[in-house]
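Each of the two complexes below includes chain A, the first together with chain B, the second together with chain C.
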Partner chain A sequence: MPSTPLDTRYQIETPEGIDLPLRPAGLVPRVLAFAFDLLARGVIMGVLMVPLALLGNVGLGLGALLLFLVSWWYMVLFEVLNQGCSPGKQVMGLRVVQDDGTPVGWSASLIRNLLRFVDMLPFGYFLGAISCLQHPHFKRLGDLAAGTLVVYRERPLPRPQIPQAAALRLPFALDLNEQRAILGFAERQGELSAERVHELAAILAPSLQVSPARAAQQLNGVARGLLGPT
Partner chain B sequence: MRLSDASVAIRPRTAWEAMDLGVLMAREHRLLLTASWALVTLPVFILLSAALWKYPSTAIFLFWWFKPAFDRLPLYILSKALFGDTPSLNQAVRQWPRLLKGQLLASLTWRRLSLSRSFVMPVSQLEGLDGQARQKRLGVLQQRDAGAARWLTTVGVHLEIGLWFGCMALFYLFIPQNVEQNWDWQRLILATSSEGLWLEHLSNAFYALILVFWEPIYVACGFSLYLNRRTVLEAWDLELVFRRLRQRLSTAAPLLLLVIGLTFLPVNPPAMADESKPLSTQSASQSVKALLDKPPFKNPETVTRYRFGDDKPTVKNKDRGDSKLPAWLQALLDNLNSDTFKHFAQALEVLLWSLLIGGLALVAWRYRDWLRTFVSRRAPASPKVVKPAPTQLFGLALGAETLPTDIASTAEQLWATQPREALGLLYRGLLSRLLHDFNLPLKSADTEGQVLERVHQLEQPQLLAFSDELTRHWQNLAYGHRLPPTTIQQKLCSDWRALFSSGGPQ
Partner chain C sequence: MKQSLFESRHQRQWQAFAEQLNRLEQGTAKASDVADFPHQYRRLCQHLALAQERGYSSYLVDPLQQLALRGHQQLYRHRSQLGASVLGFVLAGFPRLVREQWRFVAVASVLFFGSLLGIALLVYLFPELIYSIISPQQVAEMQDMYDPDASRLGRAAERASSEDWMMFGYYVMHNIGIAFQTFAAGLLFGLGSVFFLIFNGLIIGAVSGHLTEIGYGQTFWSFVIGHGAFELTAIALAGAAGLQLGWALISPGRLTRGESLRLAAHKSVQLLCGVMVFLLFAAFIEAYWSSTTVIAAWVKYLVGAVLWLLVAAYLVFAGRTQHAPE
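Then we have the complex of A and B:
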């Protein structure tokens, strides 16, 4: 058993001493994002190629230029100008950041997208997929070279509902994790079965000095107390 | 199952993150997973290939179809490893025949093509549920994350194909050039005879190798999806923290807890602020300031480095009012500020300014040529370069001293014996006159035609006519070896006399 449990989080400490947990994204959502982008590019090319095809040789030349722009600059432009999200990443809730969590810049984005062609060797992202499955932070070769990371975007959370109860204060101190767990217990009661809620609360019944039957209500009160007046 | 022994961080995740955790779990036990998978599947693959040597497609299809049977082994290893009880390779492989019991038929027939195969596999294998109970369980589990499980299988299929083709492309790239040239690819691929069979079996072997790498990851992703679903459904993370909290409280201070616990329930102070000492704005802002001056907010550090000291005197002057200077310096500074040295200072100023101006003037004089060349806006007067007149043209000497004084009569004398010399003499004479008397700027590179053009510019029709005729005859003689008739000889001599003996400077 490893000393620290396996986790998908990637911790960064900022110069101000703040821990930023990033959540690197693995192969499956990235493949889906790429597939979406590929489709989007195909549609763009298809739509623009039809009028260009009517222009004869000039259209052919313009089409070649367009192909170059779309295949080489689509990702770079979106990543740099749209906060690290190409449309596919936007759909899958991903974004590209630097290793230190700062927004991705021109050079990093160019490097990671130019090296796509190394990841594609020898066929269909062979090297990229293997690298992505083997790296602890799911980086493909382009990410390794550019020092970038594909992470899940933080999504705004809906305000959780806490059951009504009279606010209580515990006589012993709780650390941050324990406070979060008690709040989480109150917030997630809707998803849990009644038996399970009872079972969980019964674990803490002896510590709370109440009967197991009343423990859930007691914990909800503590959660109210932790939350403060709202 | 003890959650506190879990080797992964248990918390509710999104479905995608749960899969990522599966990738990490597979990575953690990669050696064990791939080795056990290879030990179990590769012999089966070899047996299938040997038995169905004539039908490679059937062999790989059967191998692919039996995947759920093989998948049970990585799932067993992962479920054991999750709670720290990682089996050895030997133990794991020995377990495999036992794992095959139970719902093997179902998993190999109507459940084989299920897209959420890896997600629901733990229900039958680890929980041992079957029939109605299993259906109910799946109904609860698949309320969420089932879509992600289907995407996992879809992506997995494409990844297998991509990696398979990648392996074949890699193989092709590593074939030496001279071997490759001897192969007739079309014949090999299209051949139904036994020659092409080994190639198909080779590509089958690549697929089996791909599965050694990918299939344990696929199983691990499905397993971690299942774990995550149960973590959400049963709040495993909360249970974990609650158990730790109870342990901490029960071991640390049971007595204290009892004492305080007795007092805590009846009367609960409703407010949470500390009432012991009233806060005033001043003390609060002071303590805030004191906090802000401490390390996490302010990190004072001493830096020692060299820099220019030009700031110092001004600082001293500014500080004068604070009487930090010694008295003598103060007096001196005051003296300097008074009018005592005013005239001296003015004289010094004049001197310095005149030194500066004088220096500039000196420099300008010193570099006057340079300035005139590069700074002056007028183009420099170019000195008249007198080009020396060429001493010969087309190999004919033109110096006045090389010619006889009376050219015409000398030419008349020479006509009879040496006509070429005679005509040459006339032409030389003409050129010499043009050069010296008419100051035509002839160059040694000029041709006869160019000489004529210059004569044209002189606008003397007589001279031009003569020159034209003479040049023509001279060219005929010199290059064409054609002698001018006698009348022309006479005419040329008389014309020469008419032109140069009468009006000429001679």
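Then we have the complex of A and C:
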């Protein structure tokens, strides 16, 4: 059996017939996000409890309501009203979405956060961690029941400059993967050391029929040619 | 077409689309701004497909993919059945749901009320049994609360309204927390819900049996009968919702276990929303009605009986007609 490359991306097909990749987040960033949320909740309770304690019985009643809200509704409210991000997820660059990539709704968010109680059993998120580690898309039990997914939020990508070179056309045709590989080589050159650039380009030197020293320059020219006049 | 030409030709459209997305995500979009949003989104999808098909560089494809993903998030949503119509749900949807799930409701009620009444009878007949269920210290506290001779008539003592308010907060937190636990634990193949149903049934039953046996029945029963109608029913219904989750895992039928669990969860969370309404109601009655002592006991029994009948009638009859208010 040919082994498939290790890839945790999760493809959703939209009604428009295109595939959108989501990148599910693993256990560690999720634990950190939860720790941050826990801390934030502690601070909220601590800060609000002081003035409430001064109010006497009314304050105690309000405090109990507040404790209820913070312990059961904090996550739900943030996830539904803030594009799927609780503050901890925001900090870690995560968000919750439904399995089909749509924003998480009230009922799904309520399910996944109520079932957190089971994920925490028997102690310290034991069941949740096991479920998260063995699932191909890192779902804990609450996610399984609610049909939700914790993914990385997409970040805007800065566009790299392609090195200057005279545009070239190769005497033979390139297929799509070869085109993308050459464009990728030209675009990522800024991130690589000069030696590595040379080493990679030298692999193609025989096919390009140039000396290994000139291969990188040649490839940049081909990339320019593929991009077209700017 | 070369990549640069493609890019320069459509760059402006993509920027306009990104600005529209920003406004939508911040919630500042006006209806007139976004009238052509679906059209723009589909055009972007077409551009993305073209860019992928023509082997353009990933620094062009990836931003387009991000835009498409953000557009997809804005355009497609699940209809939330919860917020759709609160009134319709309360008047017809919830009792219908309860009747639809009558098997789970029946099992949960038998477990909860059965253990409650059974242990109450046992404790009444064999009084020392109470100490094997509840610690002596807690028993003493309970006795203090409902002692008819004490000046403080249980939690039902003469209280300032601020104290009512405090107890309201406490009941909401405590009772809804128990209901949530009873529901969530159902994910463990239903065993957790069974445990919490029996556990709560035993505690409540033991206390009521004990207090009746030592002659504090009047203060206790007149206190609990009113809100019990809502509170006890709600706990049983939360257990039913949990059992439903567990049963979806035990017997998924023709679906996969994951799929069956997902469907059951969406049903049972609706049941749980009804439970929350019940418990808010119960906390209100418990804090403001059950605790008053100026009203004669027989009036409280009467009102309590009416409330029980109301709850039963609501669950059995509401929403039966086709033209129930939706």
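As a working rule, the second predicted complex is superposed on the first by the 220 of 230 C-alpha atoms of A that agree within 3 Å, B and C clash if a C-alpha of one lies under 4 Å from a C-alpha of the other, contacts with A are read in each partner's own complex, and residues count from 1 in each chain.
One rule holds in what follows: contacts are C-beta pairs under 8 Å (C-beta built on N, C-alpha and C of every residue); 3 or more make two chains touch, one makes a residue touch a chain.
Predicted model only: the values in this text are computed from it and were never measured.
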Message: Using the superposition on chain A, tell me whether chain B and chain C clash or fit.
response: fit
Query: Should A:Ala25 be classified as contacting the first partner (chain B), the second (chain C), both, or neither?
result: first
Query: Is A:Gly228 in contact with chain B, with chain C, with both, or with neither (first, second, both, neither)?
result: both
- line: Rounded to the nearest 10 degrees, the Cα-centre angle chain B-chain A-chain C in the superposed arrangement comes to 10
- prompt: Does chain B (first) or chain C (second) touch A:Glu154, or do both, or does neither?
  reply: second
Task: Examine A:Asn177 and indicate which partner it touches, taking first as chain B and second as chain C; both and neither are also allowed.
output: both
Query: So, does A:Gly124 touch the first partner chain B, the second partner chain C, both, or neither?
result: first
Field: Partner chain(s) touched by A:Pro51 [first = chain B, second = chain C, both, neither]
entry: neither
Message: For A:Glu191 in the superposed arrangement: first (chain B), second (chain C), both or neither?
response: first
Task: Determine, under the contact definition given at the top, whether A:Ala64 touches first (chain B), second (chain C), both, or neither.
output: second
Message: A:Gly42 in the overlay: touching chain B, chain C, both, or neither? Say first, second, both or neither.
response: neither
- line: Once superposed, chain B sits from chain C at a minimum Cα distance (Å) of 6
- prompt: Which chain A residues lie in the overlap of the chain B contact set and the chain C contact set?
  reply: 17, 177, 180, 184, 228
Message: Taking the touch rule as given, give the residues of chain A at its contact with chain C in the complex, in rising order.
response: 14-18, 20-22, 56-58, 60-65, 67-68, 71-72, 83, 97-98, 100-103, 105-108, 110-111, 114-118, 121, 141, 144-147, 154, 156-157, 159-160, 176-177, 179-180, 183-184, 187, 226-230
Message: If we count contacts the way the header does, which residues on chain C are in touch with chain A in the complex?
response: 2-5, 25, 41-42, 45-46, 48-49, 52-59, 62-63, 65-66, 68-70, 72-73, 76-83, 160, 162-163, 165-170, 172-174, 176-177, 180-181, 183-185, 187-188, 192, 245, 258, 261-262, 265-266, 269-270, 272-273
- prompt: What part of chain A is in contact with chain B in the complex they form?
  reply: 1-2, 5-9, 17, 23-29, 31-32, 92, 122-126, 129-130, 133-134, 136, 138, 152, 166-172, 174, 177-178, 180-181, 184-185, 188, 191-192, 196, 200, 203-204, 206-207, 209-210, 225, 228
Query: Where on chain B does chain A make contact in their complex?
result: 5-10, 13-14, 16-17, 19-21, 23-28, 84, 86, 148, 151-152, 155, 158-159, 161-163, 165-170, 173, 213-214, 217, 221, 232-235, 237-239, 241-246, 249-250, 253, 257-258, 260-265, 268-270, 272, 296
